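Shared between the two complexes below is chain A, which has chain B as its partner in the first and chain C in the second.
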Partner chain A sequence: MGEQVQTPAAKIKKKKRDTAFTRVMKYTGVRLIALFLTVAIGVYLTIMIANMGGYVDEIMKGSIRENITMQLRMDDGYQEMAPEAKAAYLLAKIENEEKRLGLDEPFIFRSFRFLLNALKLDLGQATFMSSDKGSRSVRLIILERLPSTLLLMGTANLVLFFVTIVVALILSRKYGSFWDRFFVAASPLSAMPSWFYGIFFILIFAAVLKIFPFGGMIGSPPPETTGQYILDVLYHLTLPAAALIISAFPARVYNWRTFFMIYSSEDYVEMAKAKGLSAKRIRNRYILRPTLPMIITSFSLMIIAMWTGAIITETVFRWPGIGRLIFRAIGMNDTAVIVGTTIIYAYMLAATVFFLDFIYALVDPRVKIGGSKQKQ
Partner chain B sequence: MSGIKKIFKELKNFPTAIVGLVIITILIIVAILTVIFIPYSEAKRQWRGDEAAVYLNPMNARPAWTNILRKDKWPESFNVVFSESDDVTYTVLPREEDDSEFKVVTEMSYSFEYDYGAFPQEILLYFEADYINSKPFIEIRVLTPEGRDIRIIRKGVAHTETYRFNQDLKLEQKLGEKSALIGLFSTIDPKDSDVPEVAKGTYTITVTSQTFEEGSNVDLEMVLHGLVFGATGTDHRRRDLTVALLWGVPIALLFGLVAAVGVSVLSMLIAAVSVWYGGWVDTLIQRITEVNMLLPFLSILVMIGTFYSKSIWTMLGAVILLSIFSAAIKTYRATFMQLRNAPYIEAAITYGASDWRIITKYLIPRIIPLLIPALVLAIPGFVFLEASLNVLGLGDPVLPTWGKVISDAYYQSALYNGQYYWIIQPAIMLIITGLAFAMVGFALDRLFNPRLREQ
Partner chain C sequence: MTKKEVLLKIENLNLHFKIRVGDVRAVDGVNFELYKNEAVVILGESGCGKTSLAKAILRLLPNNVKTYDGKVTLKGVETMEMDDELYRNEIRWNKISMVPQSAMTSLNPVLKVGNQVAEPLTIKGMDKKEALEKVREMFKHVGVPEDFINRYAFELSGGMTQRVAIAMALITVPDLIILDEPTSALDVLTQANIMNLLKRIKKEEDASYMLVTHDIATSSELADRVIVMYAGQIIEASEAELFFKKPLHPYSKKLMASVPKLRGTDELEFIEGKPPSLIGIDKVAGCRFAPRCAYKMEKCEVEAPPVYIKGDNKVKCWLYENKDEVD
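And now, the complex of A and B:
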């Protein structure tokens, strides 16, 4: 009986919690649908571009016809057939091959089936490419390349992320010093892309000094013991990682420095200084804390960037990662592989955007999920 | 006008910006002069690498100035058209008794100093013979500084014919060296018997021609391909790199400027429209931006280049289209949002100003300080993007550009073969251009946004 009696205060509390909960749920739902649609449209556009609006099919049909005609020319049994039987046999073979590659349906249907499979993360079979182990599955091809890309991009990005923030924090406290001016002056150097630094590193360290390899991920023949293998990979990793780090370093430091400087000139920081708080406490509580959302965004975008790899840097250093895979897939017109990498990228980005909203709410009390219309 | 003047005055406080402006001015002048003096059609012809355009150029030659660094100079290229040169001595040999009526024997000889420390890459003789029925007959001999008189070849010549020393296997066997020219130019007693050494001094090449008809005549042009060439050297297809280095200037400036202006102005306009009309227009633009940010930029560009067209205009258009709906739109949108509620805008609405007038006259001018530095800072990125596209094999097929030179060099393993000039020269051009705009851009950024200024 007692259960039914509720104090007015509890009633109000419950109602409030309900609205907060439904608000979050509603927001989450709407956001999820919006992001899903965005991913779907992005993936579909990629499919359309990768397939040239169906034009690639015509090219493929042409090459299938040619290949089969060539094959049959070598076939003695085929040569002895009657002309009508010959024509019928040829047509049947072509049809069979087109069916194998899924070319018998009109493109518009196929593109939607492709989209549906893509969204289900069923990446399908590659048309021309295969993994080093010989598999045609796009998922396996991508998975095989993933570790090397993660190694390269992970090393470079993690070093970049933490080192630039630390350097920027130090610089923001000592502005006008030599190193501060140095990084301000050096920031235009980041206009040069990493492959460009890569070519120079190859020139200096591989061609002239001969202390690092020209490219690749492992020496030939590969070393036998695991320890030596790891050392050899690290040895090959040095130049590409250095190129990625150094090309982005000055601009990142400059951006973070400016960002920290703006935050450390806020009134509450001055107030904390006046109160006589320790420099460490000021840094952690008054500068880093409010900049946390920005730092998290930067970190998650960095993780997404790791997925696509660095197409040109990997190509220049012959690094067997996803970037080079994309380049080769495009060279071979392998739509399935191109779309596969795009889907993964799109999903990663969408998931990051989605979770960022919640993380912001956790770290920044000013942000209320679904509360205000200001989303950024 | 006074605003621009003020900006220039303030820029004086940034020495890097002045350096940048000077470099940009020089680049613009070079670009204009290049387009005037090497017209587009000529640049295209040279870069296609037809035999007629490049026959004087050696392959993979270093720039001529590299000889300053060498103790033993590398040979430079030269050519002699025998009938036009004053240094060629002509002698008509006396007729012999049993000669036919029209037989004429002419001896043409040409001497040149060869004081270099390396062997020439190739010597070519381009023959042109006039005759109706009987081919003229020629004999070529070379007299070396050490007095060796070597017969190179005896043969009849057709109307046009080319003779290449290093492709004559018989001559190579006869001289017993790795190549015919090493055999021909090496000294009899080298310091190290295993390494052939150049015999320095005067070489004389003598071409004796016998013609058998009235009016029949043989002329030839001799081309010696050295190992150094011109101001900037040549590539694997014997093209003069100067053409690409010079033509790279207008192309890089054009690509960088058009892309940067196009992207910045269009994304600003779209952000203005998005904020001003709000509602579904705003939502639509926001969604397009999100979709676009999901698309992998380079992959899409590579696809467009591979499947549609690699023309620089297609690529430029694609780059602009893919870059308009980017993070920049969000920045502009946020700024416009603040402006939108400003009192002077409300005043404008009250007195009945049109939407277009408010966007162009009230909103956009306020965003210019954000726009201009961003625009200038975007230029280096696009200049390097053009080079990146070339390295990916998506360069315009006919245009000579810096990126094309770098990618050729890269795929010909120039670094591995020690042909550093091939990569360094276009790279320096790219760096200079990129840095010049970046320096000006950073200065403008600090000028327009004083919060970033030191002090």
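And now, the complex of A and C:
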């Protein structure tokens, strides 16, 4: 004791800090486990669906048998064998090939091994697809497509995000004005998907007006200097990016405008007005600041949504991105590629959700990590 | 009584809103004066335009305003002619401040209350430290613990947030404080506390109040003068003492009769019917209260009554055309 004696207030303070620390740690642990389980279940479901619950195995077995039979038909040595030997040889070859692809094990075992590998981010080898450089590694296939998807989705989503918020903020203060009514009326146009706009744009700007290319990411032959290369990519980027932006634009503006209007009618906003604050200060401190958690959520979900690409829009524009990769992988039943893209998205989503909780606690004093729900 | 100095003079103030089915005449030709260091209570049922009147004075207008005119003179300065930017800088919170109905929702949930109270000072260029020091003093003055400046609104009780709102209204030492039902969200004990605080401030600071409320009992604590609104118009303006003893207008009589008394044996009265819709009210030729009035005469339905002046009081009712007194 002696010098160790603390004032009661200091004791309470220390205790408070300790409990806050353990509270956050406990919350973090529980949350991580829960998110991991969610990811595992999600990925397992993807494995089951991509394999059609094991039916893909049957399809593959069928195609192996057919291929080998076809091969052997060309094989003169095989043709000269005795019929029994022929059948045994055929079966042995088929078994060998099935073993090579791991099809001799029951699917249910393999599905869990797939899951384990996926969770370890060991994406494995593609069955049918290969990268442009000829590699079968799923990681390389995905990495090769990633930059072009990020370019397209990044451009479209960032423009959409910031422009719609600015437009919505302006509109939220002009309820009933011409542009306000225009966007309310135009918002159903977003029901048409971006590839639909894409087809129209191709028709108008590529086929009729001939000012933009039909698709692809780079002209043929590719320009030689870096400057020209960048310009050519931008030239090819215009139509798909415009399709993505324009299709989502009216609904997003409508959404945000309603959102900001609700938050602009809060009592404290009127109070701020009565206090003689400038419109800019009211916007920054009384509208944007309280809505920051929602804006951050929207932003981070948008960032990870870039990852999956736009499946049909990329296909329509022959854009060499992840979306088109997934499209082809589904068509070819290449489960390793489908699962590979899914697991990366699932991990990114889980990490985002995890960190968002902490960001909420930082930007909103009402949120307490792991705190009990108390309202005064 | 010494000669009273006119602080706020309102002449023929109109505030009409446009909605799909017609025009809402929320404030319809209102005239009144407010003297320095006086507490005027604006009484009326919900929807009679009393909050709109408060907002019209502070120029806090919604988007669908149809008409907003009249003359508002504050300390001899005509404020209706100021443009929005000048009005914002000169009048809001410098000359007129406001205590809202629900202080809890009127405070920004994500900013510390100290910073919010200091804001009217800091936007005028005061150093933040100095402003927060002033807030501490003001908090002490209104009975809020000083260290609450670092708290958020949700960490305070209802009574405390109301005190914070009052501190915020006082921080710039305004000429007029508009109190928009400042106690209606509080329990009776806290109501009494807040009323006492307002009384004390009025005495100490020479403050002038315009108290908008439907709570007759609580407002009687503070009122120097009572103005009764009905359907967007003022129908009675009386000295408080006279009003609470003997209101003039039939509507005021009914209002007073609806207040519970501790030992009264009378049954509580209520006013039959409901206030008229403010849409197209200008087409009503007669008195707007006539359909619900117990003293209705033929004349009432045909022609709107003028304002009769009875000593210090004003009343808008035909009953006072010839007679001096009416029971």
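One rule holds in what follows: the second predicted complex is superposed on the first by the 348 of 376 C-alpha atoms of A that agree within 3 Å, B and C clash if a C-alpha of one lies under 4 Å from a C-alpha of the other, contacts with A are read in each partner's own complex, and residues count from 1 in each chain.
Definition applied: contacts are C-beta pairs under 8 Å (C-beta built on N, C-alpha and C of every residue); 3 or more make two chains touch, one makes a residue touch a chain.
None of these values were measured; they are calculated from a predicted model.
A.B. asks: Are chain B and chain C a fit on chain A, or do they clash, once the structures share the same frame?
C.D. replies: Chain B/chain C on chain A - fit side by side.
A.B. asks: Kindly classify A:Lys133 by the partners it touches after superposition: chain B alone (first), chain C alone (second), both, or neither?
C.D. replies: neither
A.B. asks: After the superposition on A, what does A:Tyr175 contact: first (chain B), second (chain C), both or neither?
C.D. replies: After superposition on chain A, A:Tyr175 lies in contact with both partners, chain B and chain C.
A.B. asks: Mind working out whether A:Lys275 is in touch with chain B, chain C, both or neither, as first, second, both or neither?
C.D. replies: In the superposed model, A:Lys275 contacts chain C only, not chain B.
A.B. asks: First (chain B), second (chain C), both or neither: which does A:Arg73 touch?
C.D. replies: Touch status of A:Arg73: no partner.
A.B. asks: On the A-aligned overlay, A:Lys210 touches which partner chain: chain B = first, chain C = second, or both, or neither?
C.D. replies: In the superposition, A:Lys210 contacts neither chain B nor chain C.
A.B. asks: Just to be sure I read the superposition right, which of the two partners does A:Ile41 touch: chain B = first, chain C = second, or both, or neither?
C.D. replies: A:Ile41 contacts chain B only, not chain C.
A.B. asks: What is the contact status of A:Pro193 with respect to chain B (first) and chain C (second): first, second, both, or neither?
C.D. replies: The answer is first: A:Pro193 touches chain B but not chain C.
A.B. asks: Would you mind checking which one, chain B or chain C, touches more residues on chain A?
C.D. replies: Tallying touched residues of chain A, the top partner is B.
A.B. asks: Given the touch rule stated above, what does A:Lys120 touch, chain B (first), chain C (second), both, or neither?
C.D. replies: Touch status of A:Lys120: no partner.
A.B. asks: Can you report the least C-alpha distance between chain B and chain C in the superposed arrangement, rounded to whole Å?
C.D. replies: Checking C-alpha atoms only, chain B sits 6 Å from chain C at its nearest point.
A.B. asks: Report, in rising order, the residues of chain A that make contact with chain B in one complex and with chain C in the other.
C.D. replies: Common to the two interfaces on chain A: residues 175-176, 376.
A.B. asks: Would you tell me which residues of chain B are touching chain A in their complex?
C.D. replies: Those residues of chain B that touch chain A are 16, 287, 290-296, 298-300, 302-304, 306-308, 330, 334, 380-381, 384, 387-388, 391-393, 406, 410, 415-416, 418, 420, 423-424, 427, 430-431, 434-435, 437-439, 441-442, 451-452, 454-455.
A.B. asks: Can you list the residues on chain A that touch chain C in the complex?
C.D. replies: 174-176, 266-268, 270-278, 281, 285-286, 289-290, 292, 363-366, 375-376
A.B. asks: Mind listing the chain C positions that touch chain A in their complex?
C.D. replies: 58, 60, 63-64, 88-89, 91-94, 97-98, 100, 102, 105-111, 119-120, 123, 152, 154-157, 168
A.B. asks: Show me the residue ranges of chain A that touch chain B in the complex, using the header's touch definition.
C.D. replies: Of all residues in chain A, those touching chain B are 34, 38-39, 41-42, 45-46, 49-50, 52, 55-56, 175-176, 180-181, 184-185, 187-189, 191-193, 195-196, 199-200, 202-203, 206-208, 214, 258, 262, 308, 311-312, 315-316, 326-327, 330-331, 333, 338, 341-342, 345-346, 349-350, 353, 376.
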